[in-house]
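The structures considered in this document are given below.
Look for chain A in each of the two complexes below; its partner is chain B in the first and chain C in the second.
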Partner chain A sequence: MVDSKQQWKAWLYLSPAVVLLLIFTVWPIYNTIKMSLLEGFTTMGSVNGVQYQFGFGNFTRVLQYPGFITCLKNTVLLCVLTVPISTFLALLIAVCLNAIRPLQRLLQTIFFLPYVTNSIAIGMVFAAMFNMIMGGGARPDSVGIINNVLEALGLNYINWLNYGSSYWANIAVMVVYIVWNALPFKILILLGGLQSVNKQYYDAAKVDGTSKVRTFTRITVPLLSPMIAYVVITGFIGGFKEYSSIVGIFGESMGPVGNPYSLDTMVGFIYRAIGNQEGTASAAALILFAIIFVVTMINLAVSKKNTHY
Partner chain B sequence: MKVELRNLTKIFPSRNKKSGEEVVAVNDFTFTIPDGKLVGLLGPSGCGKSTTLYMISGLQKPSSGQIFFGEEDVTELSPENRGVGLVFQNYALYPHLTVKQNILFPLQNLKGADKLTKDEMLEKAEYAAKLVQIDELMDRKPSELSGGQQQRVAIARALVKMPRVLLLDEPLSNLDARLRLQTREEIRRIQKETGITTVFVTHDQEEAMSISDMIVVMKLGVLQQIGKPQDIYDDPTNLFVAKFLGTPPINVFSGRVEGGKLYIGEDAVLDVPAIEDKNVTVGVRPEGFIPDENGAFTCLLSNIEVMGRDMSIVCKNEASLNPIVRAIVNSDIKVDYSKVNVKFALKPHKVFIFDAETEERIYF
Partner chain C sequence: MSEIKTMQIRDMHKVSATQKVMKVITQILLYTFLGLMALIVIFPFYWMIISSIKTMDEYRRAIPTLIPEYFDFRNYVEVFMSEDLLLGRLFANTVFVGVVSTVLSLIITVLSAFAFARLEFKGKNAMFAALLATMMIPGELFTITNYQTVNTFGWMKTFTVLIVPFLVSVFYIYLLRQNFLQIPNELYLAAKVDGTTDFKYLWKVMIPLALPTIISITILKMMGAWNSYMWPRLVANDDEHRLITNGLRTAFTNAEGVTDIPVQMAAVAVVSLPLFLVFIFLRKYIMKGVSRSGIKG
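Entry: the complex of A and B
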């Protein structure tokens, strides 16, 4: 404990962080709450001296807006699909990486590269891989590299993201892209966890004749459970804020040509409301916050039961 | 189950690729551990004792040589097929499982014909837990146990499948002094009750001497001596073994043999007619001194430590290779504190003569 006479020193040392947090976190949160509770608030109007009434109209407007349900559905769907898939794949890759000796460092670096690459740039590359280039004929001039692979396997090509593409094809592209993007961080965390597991647990399991599968499910996963809980929770939080990945693939129309905003997300909704209806944007941001909060609480409650520290 | 090592050798490749020097951790071991005995592998760190243990367990592959369990060559068998139980130095209990789950774990791995029903498993687990006296703690997690209790759980886990050979790596090193004493008795008792051939590794000679039926003394990967603890203590084959065994340690002097007499300094302490003249190293056990006015061996009296039943006469001698000479005598014997020198006669069977160059024992 700091001596009470010395407390001013502690505050002094904390002050840079506290001041920055007050300016860039607490003040905006306060303002967001304030704006959300002023009926039909806009910054433009506020600057011009318009007085707004207190009320919950912004919240009801957000909930009644038809596009909002689409946003919520897309966000939840992407979360529920990508977090388990990416966590499972990351665990698999981390275990494999941990098991090999030669090239481990090199592969570790390669797997980490997406993390340090611009996500919009990656999105454009993914879009190019799935994109079809139409020509005059019945068959597109180019079907994209992914479809080439499908056709090489004897399957029909799929319209992934061009005009007339189906919603589920679009979602599939997004899932592949988001999972690929989410892997490096998860692999890094899980590999770090694996490398800190005492090797003697595996020696003990070996002497006891434990099968590979059982060693994985009964020893590796429980010992990694704190890290798994961490990547799942942060994965869900990140997933609910999904936006730039969709812009990366589909551009700001948030959907394929001819069907804009079909892949809109919560954050997309909030961004578009900024600039003309800040009250609505604030209300939507608070709703998103409430959803993330509840989901994280559920996550924590579940992981508490299944995590062994 | 008898365990036999034949020309067992383990060579580790050099860490430093440039120098290319290999490390011979275990060098050409050949010895037999008789069935149902408790055997201690003893030596200072880096002597290859743990490597030997891990090779017996199958976790490490020998570079050459063979290992037999009974008449069966197990050299190429993987650990799970050898039927060994292994207790790790830090126990390696699964932290997320309860004591009961930890003990059940090896049984749940059994497949095919060996597969047990739940009741059979529980019965075996409870038997093992009773054997090590932890049946009260079955629902606790390892983190809720003391070091000694964790040790017992680890032994129960190793014993639950009734292995052919039980292996313990430094079983007492993580325990405090009092618990160490208690646990070593416990290991002895468990071994006697189960009759399982048990091999344990230790660097503590007292530990090895006190509970082993047989000890194997090793140094830098080379086998030094095998035998019953008392036999090795009474009859060491070289200076290393003599120095390594016994507390307080043996007193070592530089000496010489001249005209059939053994000299320490200028004192002719023993008649050794069979040895030709040469420089030697002399070891004298602390209990090998008899205070005697007419004794041949003179030391400078330093102080006396009384320990009740016994007392230590601490003195100095110019020929001593240790800083002090310590003699342990019965406290009934009266020593004149006022004198500068103290004279001793030596018990011949407590005196060992070693070649000054090779440090090998010279019998007289």
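Entry: the complex of A and C
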């Protein structure tokens, strides 16, 4: 039996969290849904006593707005490119790390280093590495260190992110940076998973004379599948909220000089609508939530089918 | 007969010799691959540091120097003296917001986690499930309304607006509750028999036992303040309250959009240094906290 004194005490302990959650979590859920269903809602208008009609106009308008479609396209593209690349690379690195003894801890620490960085600050370093510095001549004074490496390999230099750079060059820069940023977390989780795999499975495979490749695909990957599913799901959730890495590289203009917002994302779109177009922002945020929800559910369903515990 | 036996033994030796060679080759390949990847991972940090001690003339050369010709620390002097960045102010603001929000957040988290782990009340499980469900919602959905709310409260351009809306983290409550649940209930009942108050038990027994988790939460929360960008830019991007990341992004780029990269790199290095120091000394806690969260900051 729960005595009333303990009831009272429990709520006392919970009260600060409950008050803050009501104001900053529960109310926003209700209010954002409400604003999304009031056509063309703006805070300014509502303060001035404008009455808004109920309907799905915000959703249909957002989905027809070319700026939003660009954001949606960029977000999905970056997700689809970076999640598989970073997961595969992280798996490869984790498996290799697990197979060595000396220097393992040092290398593990190095691979974790990108995690403890400010994604805006290091984005600026990546921008500098890809950046060209123009001079008077046809060829830039400096083509940037990445292009120097390309030229050393006998390739031509590429305009990655300066004025007049192509969309795909911009996307390539973003993919490199996002993958670099995503590796540490994935390696940490996958290596943790590998280290907890029971050694007996490998001994059994060795006795049976199973090849290394077969051991990997038939033992390591299945046993690791819960962790792989976990990093893929968190990768997609993070990927759909991509924003600050682009600000780090391209700045608030979300695109190269002369082509602003060409790399804008869903979150970028929502942020720019805050403070002037709340109805639109709310609809966009709910669409983002719906996408994340659906993708997570699909991932869960797929991983449930392929996961072996 | 004996000849066959020696041949067999010789064959066995041969097999183990090839195996040994294979093993050495595999190890060489492993270390080469990992070394190469490690170089790629580290290179941006190296480039940041060497660029920050180059002059602009050396930086813009067609063939870059991998080791600066001479170490020029004037860029750092410029960073600290800059009217453009006001680094001291940004540091002070960020540390203040980070410390206050971490302390308050820890108090709230500990109290809530204790209630969920040890106290009994109606609707406990339903409420906990509802809390966990909110973790699925992207933060931007809350931000739209919270922007209106803090405006109504008159909190724009204050430190309050940078601290209060993010004090409750459902994830940290969850993390600490799980940790508290591992502490045997017998300890609690024994303390009750001895007449220890709940609060004293929490303070003297549970917090010390859950200290590693609490340290992890502290570090992640501090890192969050150091790295926060979007919310501060929306609600308190004035000179008096600006946080470090917001100041950094726009500094050292002139009106024509031309950036003084070496100075900018020096600023990035200065901003990154505290994170590296924290990482070097508290690596264990960070990695433990991160492996259970998947959340940056």
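As a working rule, the second predicted complex is superposed on the first by the 286 of 309 C-alpha atoms of A that agree within 3 Å, B and C clash if a C-alpha of one lies under 4 Å from a C-alpha of the other, contacts with A are read in each partner's own complex, and residues count from 1 in each chain.
In this text, a contact is a pair of C-beta atoms (placed from the backbone, for glycine too) under 8 Å apart; a residue touches a chain by one contact, two chains touch by 3 or more.
Keep in mind that this is a model prediction, so the values were computed, not measured.
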_Partner chain(s) touched by A:Q200 [first = chain B, second = chain C, both, neither]_ = first
_Which of chain B and chain C A:I219 touches, first, second, both or neither_ = first
*After lining up the shared chain so the two structures overlap, which partner does A:T25 touch, if you call chain B first and chain C second: first, second, both or neither?*
second
*Counting touched residues of chain A, say whether chain B or chain C comes out ahead.*
C
*In the overlay, answer first, second, both or neither for which of chain B and chain C A:E278 touches.*
second
*Check the residue A:S211 against both partner chains and state whether it touches chain B (first), chain C (second), both, or neither.*
first
*asked:* One more residue to check, A:D264. First (chain B), second (chain C), both or neither?
replied: neither
*Could you tell me if A:E242 is touching chain B, chain C, both of them or neither one (first, second, both, neither)?*
neither
*On chain A, the residue positions that both chain B and chain C contact, one per complex*: none
*How about chain B: which of its residues touch chain A in the complex?*
57-59, 78-81, 84-86, 88, 90, 92, 94-97, 105-106, 108-111, 157, 161
*Mind pulling up the chain C residues that touch chain A in the complex?*
26-27, 30-31, 33-34, 37-38, 40-42, 44-45, 47-48, 51, 59-64, 107-109, 111-112, 114-115, 119-122, 124, 131, 134, 136-149, 151, 164-168, 173, 198, 223, 226-227, 229-230, 234, 245, 248-250, 257, 261, 264-265, 268, 271-272, 275-276, 278-279, 283, 286-287, 290-291, 294, 296
*asked:* Considering only the defined contacts, which chain A positions touch chain C in the complex?
replied: 2, 6-7, 9-11, 13-14, 16-17, 20-21, 23-25, 27-29, 31-32, 35, 43, 89, 92-93, 96-97, 99-100, 103, 107, 109-122, 124-126, 128-129, 131, 133, 135, 141-143, 145, 148, 180, 183, 185, 188-189, 192, 230, 234, 240-241, 243-244, 247-248, 251-252, 257, 267, 270-271, 274-275, 278, 281-282, 285-286, 288-289, 292-293, 296
*Inside the complex, what are the residues of chain A that reach chain B?*
198, 200-201, 203-204, 206-211, 214, 218-219, 222-223, 225, 308
